[in-house]
Amino acid sequence: MNKARELRAHRRGILHDEKLTERLMITPAIIALAVISIFPLLYMLYISMFDYSMSVNNPTFVGFQNWARVLKSKTFWACWKRTGYIAGIGISVQMVLGIAVALLIYRLPKGQNVILTLFMLPVFVAPIVAGLLGRFLLNSTYGFYSWILSTFFGYSEELFANPTGAVIGIVAIDVWEWTPLVTMIVLAGLQSMDLEVLEAASIDGASYLAKLRYVIFPLASRTILVALLIRSMDILRYVDTITIITEGGPADATRTSGYYLMQTAFRFQNFGQAAVMGIIMIAVISVLGKLFIRLMGRGVM
Amino acid sequence: MKKDLSRLLSLLLCLLLTLGAFSAVCAEEALVDAPFEGLVEGLPAIQAPEGFDWRQFEGTTINFISENTTPSTAIAANIDLFERVTGIKVVIEQADLNAVIEKVGLDVNARTAKYQVAYLDPQQIMAKNKDNFIDLNKFNNDPTLPHVPGGLEDFFESQMMCCGYMGDTDKLLALPYDNATIILGYRADVFENETYKKAFMDEYGYDWTPNPDMTWDQYYEVAAYITREAAAGNITEVKYGCGMQAKQHDSLMCEFSCVLAANGGDYFQAENLGSIGAYNPGPAALDSEVAIESAAFYKKLYGVADPSSTSWDWSGLAEGYAAGNLAMICEWHEFSADFENPSKSQVVGKTKWTITPKGTVRNACIYGGTGIGISAYATEEEQKAAWLFLVWATSPQTQYLCLTSESGGSTPTRYSVYALPDVARGISDPDSEEAAKMPNLKSSGAVQLAWATENSYLRPKIPAWPQCDTIIYTELSKMLVGSLSPEDAMRSANEQLNELTGN
Amino acid sequence: MSKGRKKGAGSTKKLVLNIVLYIIAVFLVLWSVLPILWMAISSLKVSTNMFTLPPQFIFRPELGTYKYMFTQAGFGKFLANSLIASISSTLVALFIGSLGGYALCRGRFKRQKDISFWIISTRMAPIPAVILPLYMIFSRLRMVGTMPGLVFAYTTFNLPFALWMMMAFFADVSPALEEAARVDGTSKFGAFLRIALPAASPGLAATGVLCMMFAWNDYVFASALSGASTQTIPIAASLLVTQTGIAWGQAMATGTIIVMPMLLGGLLMRKYLVKGFSMGAVK
């Protein structure tokens, strides 16, 4: 009887100890995250010191040789250069298009929600399905879209058969899937804007372009930045469509560093070099992430 | 006294000999046919020592990972025949080859034996994993277990060498399981059209029908002619003379090999890399005149092929052909069943097959067969259960069963199956009832010709092959659609191969 | 007078502009929706009229492909696996994520910024670089190819996401109510459970839908870590790409099955998703 009461008092004591409660609440998350992130990183550092090229499970210790090999490899740098270029095109198109669509929807007097809802559907499509769908629609033998291209635009070649076409195709699928995301974020930013400033600008009789330049962009710049950075971080890891459609070709036109990493790890089973590439990629994405957080400024952070 | 002794000794010797002979006969007689379905007369039966308990591993589960090819589909469709007799549960996981390579690699790396039985692609999986799969001789020579029916000599010899061993013949790593081979398929309705045939004859002075003596130059000439005439509307059945599997993909290297090897070239200077394999291939051979000329020819051929070819791997090429666009293709023979399947093909009954064209030296059909082996990390019991599965899955009777099954099935890897009268008839007469029942036989005549040592090509079997392969097809792809000249492409590939293998 | 005319001209101009804007909007919607629609339509065709060009718009829809998939191809099993894996990992992520997210939002930890960045950075790593070490852990624990293994793998990307999201959603809940409750003697945990959590429930739902979606759509993790008996629908989709070509009818039907529930969930949660997709960074 006494004991039970003591226990209850004790338990209440714990729950009332704010700091302890907070610690307890966050502990499972920290433990889980440690397993998820710290161990893999350490493990990758470890295996980056081993050469797996002759055996999958009996590697030889080679010190920093993998690092030297990767950093000296022309293919590796070519893949990064290409990644920059493909990501650059992809992101510019998505940003311009996404912002334009957001502005357009924002200007619609009615039906903003319906239009946005329908427009954003591709965001929910699984990447593997998007890849298969792209391959199906753009196949020159039976694809619906390639039929449209050849019937109405006179383009009857197989898109993925030449380097330029393949880059366009891969980028187009990414644009299709992720432009709506940019639109969603930017539109949210627009809708949360201070209307008084806009009204004031309207009364001043400013032209639309001037309003855009001097009022809307400065106000929405933060959201635009968010969209930009999320997309850049994601596009660097982008491999699904490439795996399903082009497998890096033709003529290496779509072999991005993410795909090269997949190849090295799974096809060549050169786990040591793959670890090096993985760590480098994590570093690049982390820098981008830091930038993202820095630019976000205060807020939750 | 001495005489007596010698007499006694000789008597003893006689007795021993008789006993020996008797026991040998007994041993022969003590082998008992296994209770599996599908045995027909003329095939070596699956046998086990008398009293062998086929159900001793009842309740064991065997996970088998395989590429999603027709042979595996056929095995999966018939697996209950095995399970019913042995009580062993076989879970067949099918995936595309890259996923199989990934999964086997991860499994072996962790030494978990999640897959007790694996599809050991000789070049892309087996070469790097010699220590991770058991020596099957151990079981095949164990008197208490069933053995490979018909013996190892019933497998095609070159396939046994390629799929079974790595580096030396001491350790038997896998039993031949499938045997895809690239041969030449063509549209009989186009080539046997008398008007077309005559028109070509008038212009070029030879019969254009593909045959084992057709050269690559003629193949190019015919393809160019058909592409031109189809564009002019004179040939209406097809749109292009040929298609290629020229995507930046393994398929590109495979097809190019048929040209390179036909001209007497290879990827490395060392010999026998394809059959027995080696750990270090030595210096590469792609900076040779032959390699550069072959590459130049391959590029020239692309000029008259369906331009979609650079986006096609073997399945893309097959789709293009099945849609009726192409007159000739060099393709894995396993597709022949698909071309006869009305739900997949618009060219049913129109395809004939022969071996790939001759180069300056010979015909060279690339062989892409694979064996299945048993993980070294599985338990003893699992390994033995897996051995029963291997014996059954690669046996002549199961192969015959698969050949006649609805799911298409494989091309047998056994001499004995081809010796069966109905199989032989199906091969010799493509219009026979047997050929209709076993659509894979349509290409079997050509395939058998392709397997003759002088007509077949085996890729280098070296641990670094997946990466070498990637270097080769990437440079070739740059040559086809990029700005690289054949010479630069070959030199660049050569340099990278040497750097990779340390030569 | 002149002012009125100007206004009239302006409104005509405005009307024309609006019409133009709506036409563009319709095109945009078509651009987004047509591929998905085409996929659904194709899945209802039989293979003989699937590949004909010009494409057939009018045909008799057939459910044969679906019927085949569920009766013969064992599709129900894939579907069940996908459901179990994605729902379980979502629940785990929501549970740990809301606890941790609340603590991070309300608590005062040293180096809180670094912890937050660390959380989100665990989600940014390239997947292939994470799979090998994960596989090592799993194989030691004999979890490769099992359902708990898959659930855990999904939690690796869903948990950081849920933490981050819930942190942002709790920040939107005014602490005043909780403080009032605390004065009345409710424990800190009680305040979380009875006041903060219900207030953040729309956020919880949105986080749940997105976690569900990430797990449901995953292909790369499942392809390495699932076994024959735990394959999910995206794996089923990839299996249709075989050595001898793609079974397009089934591929389109599979795609439709994968996409439809997510579209539905997305539509229901539309309002909260912007925040989700921007990982809670937009306020």
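All chains are identified by letter, namely A, B and C, in their written order; residue positions are counted from 1 within each chain.
Criterion: contacts are C-beta pairs under 8 Å (C-beta built on N, C-alpha and C of every residue); 3 or more make two chains touch, one makes a residue touch a chain.
All figures in this text were calculated on a predicted structure; none of them were measured in a lab.
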{"item": "Steps needed, at minimum, to go from chain B to chain C via contacts", "value": "1"}
{"item": "Pair of chains joined by more contacts [C-beta pairs], A-C or A-B", "value": "A-C"}
{"item": "Inter-centroid spacing, chain C versus chain B (mean Cα positions, whole Å)", "value": "42"}
{"item": "Mean-CA-position distance for chain B and chain A (Å)", "value": "41"}
{"item": "Length of the line joining the C-alpha centres of chain A and chain C, rounded to whole Å", "value": "14"}
{"item": "Multi-partner residues of chain C (each touching 2 or more other chains)", "value": "51, 131-132, 136, 238, 241, 246"}
{"item": "Shared interface positions of chain A, touching two or more other chains", "value": "141-142, 266, 271"}
{"item": "Chain B residues counted as touching two or more neighbouring chains", "value": "102, 109-111, 319, 323"}
{"item": "List of chain A residues in touch with chain C within their complex", "value": "12, 15-16, 18-19, 21-23, 25-26, 28-30, 32-33, 35-37, 39-40, 43-44, 47, 101, 104-105, 107-109, 113, 115, 117-129, 132-133, 135-137, 141-142, 144-145, 147, 151, 176, 180-181, 184-185, 187-189, 223, 226-227, 230, 233, 236-237, 239-240, 244, 258, 261-262, 265-266, 271, 274-275, 277-279, 281-282, 285-286, 289-290, 292-293, 296, 299-301"}
{"item": "Interfacial residue positions of chain A with respect to chain B in the complex", "value": "53-58, 139-142, 157-163, 166, 246-253, 255, 263, 266-271"}
{"item": "Touch list for chain C against partner chain A, complex", "value": "18, 21-22, 24-25, 28-29, 31-33, 35-36, 38-39, 42, 50-55, 96-97, 99-100, 102-107, 109, 113, 116-122, 124-134, 136-137, 155-156, 159-160, 163, 167-168, 171, 187-190, 192, 213, 216-217, 219-220, 234, 237-238, 241, 246, 248, 251-252, 254-255, 258-259, 262-263, 265-267, 270, 273-275, 277-283"}
{"item": "Touch list for chain C against partner chain B, complex", "value": "47-48, 51, 131-132, 135-136, 139-140, 142, 144-145, 223-224, 227-229, 231, 238-239, 241-246"}
{"item": "Chain B to chain C touching residues, read off their complex", "value": "63, 67-70, 91-97, 99, 102-103, 106-107, 109-112, 114, 314-315, 318-319, 322-323, 332, 334-335, 338, 343-344"}
